[in-house]
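Okay, got some structures for you below.
In what follows, subunit A forms one complex with subunit B and a second complex with subunit C.
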Partner chain A sequence: MPPDRLRRALNPASAVVVGSKKADGYMWLRNYSTFTGSLASVQIDESEIAGIAALGITNYRSLLDVPGDIDYVMLAVPRPVAPRVLADCAKKGVGAVALFTSGFAETGEDEGIRLEEELLRIAREGDVALIGPNCMGVYNRKLGIRQSAEQAAGEAGEVGFISQSGTHAINFGLVGEQHGVRVSTSVSIGNAIVVDVPDYLDYLADDADTRVIAMYIEGVKDGRRFVRSLRRATSMKPVVVWKGGVTTAGARATASHTGSLATSPAIFSAILRQAGAIAADSLEDTIDVVKALLYAKPATGGRMGLMAMTGGQSVVITDAFVGAGLQVPRLSAGSYEQLRSFFNIIGGSYQNPLDMGGTIGFGGSAATLEKLFAILDADPNIDGVAMEMASGFLARRWQADPSALDGLLDALVGHQQRSAKPFVTILQPQHVEDIVAQARRRMQDRGLAVFASFDRAARALARAIAYWRFRAGDE
Partner chain B sequence: MPPDRLRRALNPASAVVVGSKKADGYMWLRNYSTFTGSLASVQIDESEIAGIAALGITNYRSLLDVPGDIDYVMLAVPRPVAPRVLADCAKKGVGAVALFTSGFAETGEDEGIRLEEELLRIAREGDVALIGPNCMGVYNRKLGIRQSAEQAAGEAGEVGFISQSGTHAINFGLVGEQHGVRVSTSVSIGNAIVVDVPDYLDYLADDADTRVIAMYIEGVKDGRRFVRSLRRATSMKPVVVWKGGVTTAGARATASHTGSLATSPAIFSAILRQAGAIAADSLEDTIDVVKALLYAKPATGGRMGLMAMTGGQSVVITDAFVGAGLQVPRLSAGSYEQLRSFFNIIGGSYQNPLDMGGTIGFGGSAATLEKLFAILDADPNIDGVAMEMASGFLARRWQADPSALDGLLDALVGHQQRSAKPFVTILQPQHVEDIVAQARRRMQDRGLAVFASFDRAARALARAIAYWRFRAGDE
Partner chain C sequence: MSASIIESARADGRRLLTEIEAKQVLEDAGVSVSPARLARTADEAAQVAGSLGYPVVLKVVSPQITHKSDVGGVELNLASADGVRAAFGRIVASAKQHQPDATIDGVAVQRMEPAGIEVIVGMTKDAQFGPVLMFGLGGVLVEVLKDVAFRVVPIDQRDARQMIHEIKGYPLLEGYRGQEPADVAALEQLLLTVSTFVEQHPEVAELDLNPVFAYKDGSVAVDARIVLGT
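The block that comes next holds the complex of A and B.
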C-alpha cells in the first residue's frame, strides 16, 4: 500500500456512506455528523431515503452518481451485495473503502469464505484500498470522522490506534478521552484482507500528529513484514501492543472473531521485546501505559522517590513500585539532612517512601510540598517521583471551597514543569466517584499523569522507562 | 484476651472520647455522632469545652468522673500524657481503650520506645484491653461507631476487617460500601501491643454477622499463634489476607509505620496457602475477592461459560478467565444443538465464549438472554457463568428510558437465583462514569456480583473457587 494512498484514505476531504438505514438509527451518517469534509449517502431502498434527507444529507442511487472525487466510503450493505458495490468503488476510483459488513471468512462457513475471496479479487483487480471487512473503519478526531457517535471530535489527538476489534477501537477512543489520551487516527481493521497492520503502522510512524502508537491485534499474517514495520516504528516513537487471544481458548475466540490464526504467546512476547515494543494486556492497561508515555518525562533510570499521605499507603505504594521492577532506594545524605530539619516523624517518616501527611497537613500545604519536590528533584539517588493524591482529603477541601485545589495543583504542575524526572500521581481511593472523576480531569488538563491505583501507575511507568532505555540503546 | 472481653470492646453500649479538640474538628466525637450507645467526652483544656458542649456532648474533667460503666474509650491525647490516662482507664475498669496517639516504637526513637513500654506495662498490670496505639480504633456499622465520619452506619454488614493501617481500615469501609461490601466489625490495630491479630481473628470467626473476614497486615509477632487462629477461621469462613511490605523497600516502610519486622514473602505465601487463606495484593483486589465470596455462589469447579457482547470482548474475556487459572471449555453437544437453532453467527459465535450482541440485540433482549442462561445453567461442561455488561449500550438505553434496565436486570437476577452455579458480571468500559456507578449500585442492590474489568472478575472468582475447593477438602 503506497503511503500517499493511505494518507488520503485516513485524512478524507469527502466521504460517502453506502447503506445507511433507519434500523440502526442511521448509525454511520450520525457517526460522521462531525465530519469536516463533504458527506453524501448512497441508498437504493426508497423507504430509507426520506430519513436520510431529514438528516440533511444528499442521497444518490449509485456511487457512480456522486459528483466529484470520493476519498472514503463506508460500506454498510447486506453481505451478498458487498462485492457489487465494491466493484462500483473501484470504478469510481475512491481513496478507500471501509467495509462494516461482517459474515465473511470469520464465520468459518463456505459462503462467507467464498464472498471474502471475491472481495479480495475485486479489491486487487480494481486497486481498492479496502479497510476490513467486519470493521468500524476510521476515527480521525481532527476531521470528525468517527467509529461511534460517542467519540469526541475537535483538535487532533496524539495517539494512533490500530485495532482488530471494532469494540476496542471505539472504547480506546471513549475511555482514552476520559484519561487525557486523545486519538490522532484510529483504524478498526477487521479481517484486514487488503490493508493490514504493517501498512497502518508505517503510516502512524510517519504521522506528525501521532506521538505514541497503540494497537489491539489478534494475529499477524506476514510475521516478517510485521516485525520490520514494528522495528521501524519503535525507532521513531513508542508502540504499545495489546495482544488478544494469548490463551488457547482465547485463540479459539479470535478464530471466530477475525479468522486470526493462533501465535504462540511466548514467541509473540519475544518478538515484541526484541523490537522494543511495549506489551499491554487490557484496554485499561494500554491506556495507562500510553498515559505514562505522553505525560511523564522520559527517563532511563528506575529509582523512585515515593510520596504518600499515610503510613499504610507508604507501605503499599512501595510494594507496588518495587513489584513492577522499579527501585525505592534510600535518599542521599544531603536530602536527609534537609528533611530532618522540618519533617514531622510523629506518625510520619522520610526514609523513602515519604509518609508525609502529618508534614504537609493532609489537605496539602503547597509550600511544604514544594520543599519536598525540590529535595527529591535534586537528589542524585532519585530518577523519578510518584505521589499519592488522597481523594478523601481532596473531596473534603473541595466541598469546603471549590477553588481550594488550585494552590495544590500549582505546586504539582510547577514540579512537573521544572523537573526533568518523570512525575506520576495516583488519585485514590475511588469511593467518591464524582469527585475523583472531576479532580482527575482537572489534573489531566494541567498536564499531570493521573493513575487510579499504585499498581497501575507503577506498571505503566516501569514499561515507559523500559522503552526509553531501549531507545537509549541500553538494552 | 478472653473472647467475652473483646466482644464487649467491639460492641460497646457506652463510649468516651478523651482529648477531643477543635484543631481536628472534634474528629472523634464526630466519628461517633452515629453511635447508638451513650457517648461522653473527657477534656481538661478549658478552651475546648465550649466546642464540645456545642456538639451536645457532656464533658468531664476526668475519666473517673464519668458515671456508670464505660465499654470503650477512644484516647486522643498528646503522647506524653497517654500513659497517665491509660492508668485512669485501668482504675475505671473500662472494656477497652483504643489509642489514636502515635509516636511510639514505630518512630524508632528512644523516647517513643520507652513510652510504648510504659503503655504495655500499665495495660498488663491494669488488665486493660488496649487497641493500638497508633490506630483508628473500631468501626461497627450497626452500632455507628466509626473510624471516619464518611463511613456508613445502619444495618450490620457482613465482612470483618482487621487492619494494621488506619487508612486501609477507613478506605475498606468507604470503597467497600460502594461495592456492596459492608463491614460488620473493622478494627484498626496499629502497633497492636496488647490485643493482636489472632485475638481479632478468633472474635470475627465466631461473630455471627461476619460471613467473610479480610485483613491488611504488615507483620506477625507470634507466627505459631497466628497460624492456629487463621486455620481455625478458614475452617469456618473465608479469610482474605492482604499483606503489606512484601518487598524489601516495602518492609522498610512497614518498620517506620507500625514497627513490624519483615517476613519473607515466600514463607508468608506458603503459610496462607497451607492455612487455606486467600491472598490479595491491594485494597481493590481485597474488595474484589470479598465480593466474589459474598455474591457468587460457592463452586469447586472452574469451567466457565462466558457471555460477551462483541467479538473483541469475547476474545479478551476469555484471555482474562484462562489467565486467572480457570477453564473455558467447549459446551456440550446438547447445548450446541439448541444454540444452533437461534444464535446469530453473522458477527457472532457460540463456541464459548458466546459472542452474543447480535443475538440478544445489543441493548439486551431479556427473553433471549434467559434462553442463553438456561442453556449454560443446564450444560454439564460448565461450572460457572461470567457475563459482560457493556456500559455504552446500558447508557444509551438508560438515557432513552430510565426504567429500561429493569427487564434486563430481572433476567440476570432470575438466573442468579435459579442457578446453583456462580454468576459474575463485568460492567465496563468505565467511560460513562456516572452511569457506570449508578448501574453498578442498582445491580449490587439486587444481589449481583459486579466487577470493573474482566481481569478483576476472573482473578476474584478464581480465588473464591480455590477457597471452596479447600473447604471441600480437595486440596
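The block that comes next holds the complex of A and C.
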C-alpha cells in the first residue's frame, strides 16, 4: 500500500456511510457526527431515509450519485451486497473503504470464504484501500471520525493504535482518554485482507502526530514483513504490542476470531525483543506502558529513588520496583548528609526508600517535599523517582479541600519540569475509588504519570527504560 | 564442498545429512566442530583414530539409524588401536542385531573432546517468521525446564549477546562453584556464524548442534544434525 494512499484513507476530508439504519440507531452516522469534513449517506431502503434526513444528513440512492471526491466510505451493508457496493466504490475512485460487515473468511464456511475472495479481487482490480472486513474502521480524534459515539473528538492525540479487534480499538480510545492517553489515529483492521498491520505501522511511524504506537494483534500473515516494519517503527518511536491468544485455548479462539496462524508465544516474545518492541498483556497494561512512555522522561538507567508516606508502603513499593527488574540503591553520601539535617526519623527513614509522611506533613509541607525532590534529582546514584500518594489517607482531605491537592501537585509538577529524570506517581484506589478517579484526572491534566499500583508503575517504567536503552544501543 | 555434499544427499533422496556430512558443511561455514571421519572397516577405524589422536569416539553410520545410542551404536573414550578395532566389531554387531534391515556404512571416528559446559544451538523454521535460532544449556535445562532463548534469523551482535544472557542458566556459563567460565564471546560468534550459514542455505530446514562444549577459550560442536527441506 503506497503511503500517500493510506494517508488519504486515514485523514479523510469527505466521508460516506453506506447502509446506516434505524435498527442500530444510525450508529455510523452518529459515530461520524463530529466529523470535520463533509458527510453523506447512501441508503436505498425507503423506510430508513426519513430517519437519515432527520439527522440532517443528505442521502443518495447510489454511491455513484454522491457529488465530488470521496476519501472514506464506511460500508455497513448485508454480506451478499458488499461486493457490489465495493465495486461502486472502485468505480467512484474512493480513497478507502472500511467494511463493517462480517461473515467472511473468519466464519470458516465456504460462502464466507468465497465472498472474501471476491472482495479481495474487486479491491485489487479497482485499487481500493480496503480496511477490514469485519472491522470498526478508523478513529481519528482530530478529524472527529470515530469507532464509537462515546469516543472523544477535538485536538489530535499522540498515540496510534492498530487493532485486530473492534472492541479493543474502541476501548483503547475510551479507557485511554480516562488516563491521559489520547489517540492520534486508531484503526480496527478486522480481517485485514488488503491493508494489513505493516501498512498501518509504516504509516503511524511516519505520522507526525503519533509519538507512541500501540497495537492489539492475534497473529500476523507475513511474519518477515511484519518484523521489517516493526524494526523500522521502533527505530523511530516506541511500539507496544499486546498479543492476544498466547495460551493454547486462546490461540484456538484466535483462529475462529480472525483466522490467524499461531506462532509459539516464546518465539513471538523473542521477536518483539529482537525488534525493540515492548510486550504488553492487557488493555490496562498497554495503557500503563504508553503512559510511562508519554509522561515519564526517557532514561536508560534503572536506579530508582522511592518515596512513600508510610513504612508499610515503603517496603512494598521497593519490592515492586526490584521485582520489575529495576534497582533501589543506597543514596550518595552527600544526600544522606543533607537528609540527616532535617528528615524526621521518628516513624520514618531515608535509606531509600524514603519513608517521608511525617517529614512532609503528609503533603502539607510542600517546601520540605521540594527539598526531597531536589536531593534525589541531584543524587548521582539515582536515575528516576517514584512517589506514593497515600490516597487512602488523603483522598477525603483533597475532596474536602481541593487546594490541598493543588499545593501538593505544584511541588510534583515543579519537580517533573526541573528534573531530567523520569518521575512516576502511584495513586491507589484503596477504599475511595471514586474520589481517587477525580484526583487522578487532576494529576494527569497537569502532565503527571499516575498508576493504580506499585506493580503497574514499576512494570510500565521498567519497559519504557528498556525501550530507551534499546534506542541507545545499550540492550 | 558444502554444495556438493548437499547435492549428493539430495541425489540419494536423503533429507537427513549424516553426522560426517553435517560437520563438514558446518566446518566449511566456519563453525568449530569436532570433525568425524568415516571408517568402513575395523582397521580403517584404527588408522583414522591414530591420525586424529586418542582418545576417540566411534558412532555407527547408517541412513536408517537416527538414535545411535539406542542400538548400541556409540562407544566413548577409546584409547588404543586395539580398543578401536574391538569397538568397531561390537558396534556393527549390535546395530545389526537391533535393526537387521539397516544398511551400515561403517563408523564415524572422532576425537573424544575434553568435557566443557554443554550448550545447544538449534534452528527450526516457523511458518510465519522463517528460520528461528535457539540457544540453551545442554541436558536437563533444555529438556525439562525449556530454558532456551530464540531469535529470528538474521541476528546481530546484540541479539547474540541477549540470547546467551537471557537464559536462566546463564550463571553456569560464568563459572559456577569453581568450574571454569565459558568463552561467551566465542558462543556469540558461534550464533552469528550459524545465523549467516542459515541465511545462505535456505535449503536447510533444521539444524542442531547438540551438544556444543564451551571452554574457557573457544567451543566445539561435538555432534551435529542437518535436515534439508523438501
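Quick notes
In this text, the second predicted complex is superposed on the first by the 467 of 475 C-alpha atoms of A that agree within 3 Å, B and C clash if a C-alpha of one lies under 4 Å from a C-alpha of the other, contacts with A are read in each partner's own complex, and residues count from 1 in each chain.
The rule we apply is simple: contacts are C-beta pairs under 8 Å (C-beta built on N, C-alpha and C of every residue); 3 or more make two chains touch, one makes a residue touch a chain.
This one's a predicted model, so the numbers in the text were calculated from it and none came from an experiment.
In the superposition on chain A, A:Thr107 makes contact with subunit B only, not with subunit C. Of the two partner chains placed by the overlay, neither subunit B nor subunit C lies in contact with A:Gly384. Within the superposed three-chain model, A:Gly302 lies out of touch with both subunit B and subunit C [touch as defined at top]. The partner of subunit A that touches more of its residues, comparing subunit B with subunit C, is B.
Legend: residue contacts after superposition of the two complexes on their common chain; A:Gly219 is shown touching subunit C, with no touch to subunit B.
In the overlay built on the shared chain, the residue A:Leu283 is in contact with subunit B alone; subunit C does not reach it. Of the two partner chains placed by the overlay, neither subunit B nor subunit C lies in contact with A:Gly126.
Looking at subunit A, you'll find no residue that touches subunit B in one structure and subunit C in the other.
Across the complex, subunit A is touched by residues 126-130, 132, 146, 148-152, 155, 158-159, 162 of subunit C.
Here subunit B touches subunit A in the complex through residues 79, 102-103, 106-107, 109, 134, 148, 150, 163-168, 170-171, 174-175, 177-178, 216, 218, 244-250, 252-254, 256-258, 281-284, 309-316, 318-320, 322-323, 327-329, 345-347, 349, 351-353, 355, 392, 429-431, 433-434, 437, 453-455, going by the rule given at the top. For subunit A in complex with subunit C, the residues that touch the partner chain are 219-224, 227, 261, 263-264, 266-267, 270-271, 273-274, 473, 475.
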